[in-house]
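Before I ask anything, let me first share the structure, which is written out below as structure tokens.
Chain naming follows the written order as A, B, C and D, and within any one chain the residues start at number 1.
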Amino acid sequence: MDNTRRKEIYRIIEKDDGTNKASRVFDIFIFLLVIFSILQIVLESHKNIYLAYSYYFKIFEVFTVIIFTVEYILRIYTAKYKYNKTDFWSVIRFIFSFEGIIDIVSILPFYLPLAVKIDFRFLRILKVGKVTRIFKLGRYSKSFNTIKSVLRKEKEVLVITLVFSFILILISSILMYYVENPVQPEAFPNITAAMWWGIATLTTIGYGDIYPVTVLGKILASFVAIIGIGIIAIPTGIISAGFVSEIKNEDDKIK
Amino acid sequence: MDNTRRKEIYRIIEKDDGTNKASRVFDIFIFLLVIFSILQIVLESHKNIYLAYSYYFKIFEVFTVIIFTVEYILRIYTAKYKYNKTDFWSVIRFIFSFEGIIDIVSILPFYLPLAVKIDFRFLRILKVGKVTRIFKLGRYSKSFNTIKSVLRKEKEVLVITLVFSFILILISSILMYYVENPVQPEAFPNITAAMWWGIATLTTIGYGDIYPVTVLGKILASFVAIIGIGIIAIPTGIISAGFVSEIKNEDDKIK
Amino acid sequence: MDNTRRKEIYRIIEKDDGTNKASRVFDIFIFLLVIFSILQIVLESHKNIYLAYSYYFKIFEVFTVIIFTVEYILRIYTAKYKYNKTDFWSVIRFIFSFEGIIDIVSILPFYLPLAVKIDFRFLRILKVGKVTRIFKLGRYSKSFNTIKSVLRKEKEVLVITLVFSFILILISSILMYYVENPVQPEAFPNITAAMWWGIATLTTIGYGDIYPVTVLGKILASFVAIIGIGIIAIPTGIISAGFVSEIKNEDDKIK
Amino acid sequence: MDNTRRKEIYRIIEKDDGTNKASRVFDIFIFLLVIFSILQIVLESHKNIYLAYSYYFKIFEVFTVIIFTVEYILRIYTAKYKYNKTDFWSVIRFIFSFEGIIDIVSILPFYLPLAVKIDFRFLRILKVGKVTRIFKLGRYSKSFNTIKSVLRKEKEVLVITLVFSFILILISSILMYYVENPVQPEAFPNITAAMWWGIATLTTIGYGDIYPVTVLGKILASFVAIIGIGIIAIPTGIISAGFVSEIKNEDDKIK
């Protein structure tokens, strides 16, 4: 009898086969709570808004933490249905799972004395990942799986591109440091600073806070920029080919 | 007899099967009027040009508004052929259609007292959409449909990419605010400002009005920039695969 | 007898079937002359280099102009083999052909009095186009044709993308002008200036000389930037699909 | 007997068929030494870190150079197994091989008097290339070959794109110099400076240190920027098509 209720709760907060209405309502509720919680963090960062409405922010915060605490307790309570182990080991596994750590860390600052300044509430956004189930049903689900499948298949090629980009940034930053440091020591004080230039250049962002001024430095930067275009083209090409292959496979299945 | 004339007008201003010469002339005329009307807005924004030629601008404006008003009246007059309803309901449907609202809003400011400052004339450019028929005939039509078809098919994947980009911007902006605010409070006064940095970075624009200066901030920005390249690669890859699949389908149909 | 020599000259300066050695030597000679001529323009723009070596620059310039003048005369002399018309009409056609105009304009400044300041020598680089034949033979020829074929096939789609980009720039620039002009009238003095912002944003260059400072302006810019990523993705996707289709066709031919 | 040992050493430092454990340990050891060596260069560039730990840096440097010197001697000692020539010619070939030059140059500065300031230690990173064998085994090997194969196949098309980009930069820089030099002679003092602008624009980096201010210059820059998008799209499209074709070939082989 107690187990029936526990199973029912588990079905609502965890499992979702699309038929349980209470589960959907719960998901949407948590989703909205997370969204408003993030919105609160954004708004609180505006000093004037915070000062004007700090009372309401506090109330909403208390409300949010209560809900998330209840949710956390219920997850512990129903852990054994998730992990299919004894009560004790299921709870341990949940507490030290990625999900479990996110859950506790995003409510903990509230219970700690005010002296603790680090604010992990923004981690709540990771809870969105758990309730994206509400989107997963229906047509978004297929598209979501396509992206995941493509990225997983092409993982190795993407990692290799990343490693080569990093080596390119490293070599060009060391060279750039030797070339530019004597002329503008405040912009290129060390190789780490030069690497910041390297990343801003290779990704074509170019904030303009740091750039070469010598002829040699500009020639080097030109080479890096042009190779950069090529390096950006590689992951794009890979992902593109991955989607082509994926779409073709899906079409073949239909036939 | 009256209905014959009404139908003839409808055919000229609305329908275009490529055989009616008057309809083509009308389309080109409206197209040019819209183009010159937009050009006028651009030129009027130059104070010296406006002061020197304000008389001619006024004349052209009166002329434009008269034509667009006549066009609006004719569309009301012929609405029943478009919606196949009673006269009254056809007119109502036209007035509250997207097209109808654009039409009235882009001429209304002229009839309102000068006190009303908001200038909606630039909405006239949306009228271009209606007369792009002049391009649609022939080979541009096929290409136009290809683009539309690809974007519609890949809509879900594009939406998911957009949502993930937004979550990435949100998380990185919140972190960047915590990292950079203590050091440069004027550049990162709140999370909203940090989001402006996030968008400029993820899209690789990098205006250079706002960027991290701390080591931690730069490391964070580097990660965002590199992930950004990947995120840009996804829609490109999707659209690319969409076109590949579309072209293949077209080739298969020909065979 | 005279015609035999004329035909021989024509074969050397114009036609190249890969067997005539004199023709290849002539092509490489003109190619190098163009390259050095462009290099001269670049070097002359450095005031100190120009002052130090102006004597040698002058000698090289006289030499270049003599060669190009002789080449021009020879092309007139052999025009009839190119156009297969009477002597007179062949010469007329050559003089008013794109090639003929480039040829005359790139040597004319030399013969005009010094008072004429406009320097069209840089047009000589277009002569390179004519002698790229030296690359066309062999494996570069196939790749060159692939690019040309892809761009020609996808021309319509690229034109449509360009037109839509332009409309997007126009609408967003007009809106940005209304939003930003009251706050920073020196950065956004008129819509033309706002269009410069629009292009720098949509192409993700972001020089940083002009950007929105109001919240509304930043929101608008964010939308433009995100749509911009999509718009850049479209031509990339199209060209990508074009190459896929082209490579597939070539593979099918081989089979 | 001596030859057996020599062959054994050769197998460890050079050949790796995946079965020799000593060879793997050696590879990982050299790999880590290179990584720490590069890290040392980066850290030494920070003046305060260098001053605080210069003693430890020196010790590590001596250690590194000893190892790399021993490695260099062993490679000379075993050269004949690599090149299958007489002892003398094998050594000569090794010393003047790309690998051999990298090896000697990256340890030489240590043996030279302190007066020689140029520091080639960063070349050690190229040694990583040699030991990437440790990644090559297994699944990364296949992906690595895919990238190499695609880039090799599409080499000609990429070279042509590069040449065209260069011609575009050259023409637009010369024009930009003529247009902008009279107005801002300090930003565009000569065509070489204008080419720096051209590269920053065409690659969409846009540092913001140099940009046109005249209307004509901005129009020219807009054209370059838009063509630039197209030029970036070409290599992306080519690489994308290359991967599509490569993946298809691999799938066909499996069937």
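The criterion applied here is as follows: a residue touches a chain if its C-beta (ideal position, glycine included) is under 8 Å from a C-beta of that chain, and two chains touch if they have at least 3 such contacts.
Being a predicted model, the structure only gives us computed values, none of them experimental.
Among the remaining chains, those touching subunit A and also subunit B are C, D.
Using the mean of the Cα atoms as each chain's centre, the chain most removed from subunit C is A. Averaged C-alpha coordinates put the centre of subunit A at 44 Å from the centre of subunit C. Taking each chain's centre as the average of its CA atoms, subunit B and subunit C sit 31 Å apart.
Touching two or more other chains at once are residues 192, 204-208, 232, 236-238, 240-242, 244 of subunit B. Residues 204, 206-208, 236-237, 240, 244 of subunit D are the ones that touch subunit B when the two sit in their complex.
Contacts from subunit B toward subunit C in the complex involve residues 38, 41-42, 45-47, 119, 122, 125, 128, 139-140, 142-144, 146-147, 150, 158, 162, 165, 192, 196, 199-200, 203-209, 232, 235-236, 238-244, 246-248, 251. Listed in rising order, the residues of subunit C touching subunit B in the complex are 156-157, 159-161, 167, 170-171, 174-175, 177-178, 181, 189-192, 195, 201, 204-208, 211, 215, 218, 221-222, 225-226, 228-230, 232-234, 236-238, 240-242, 244-245.
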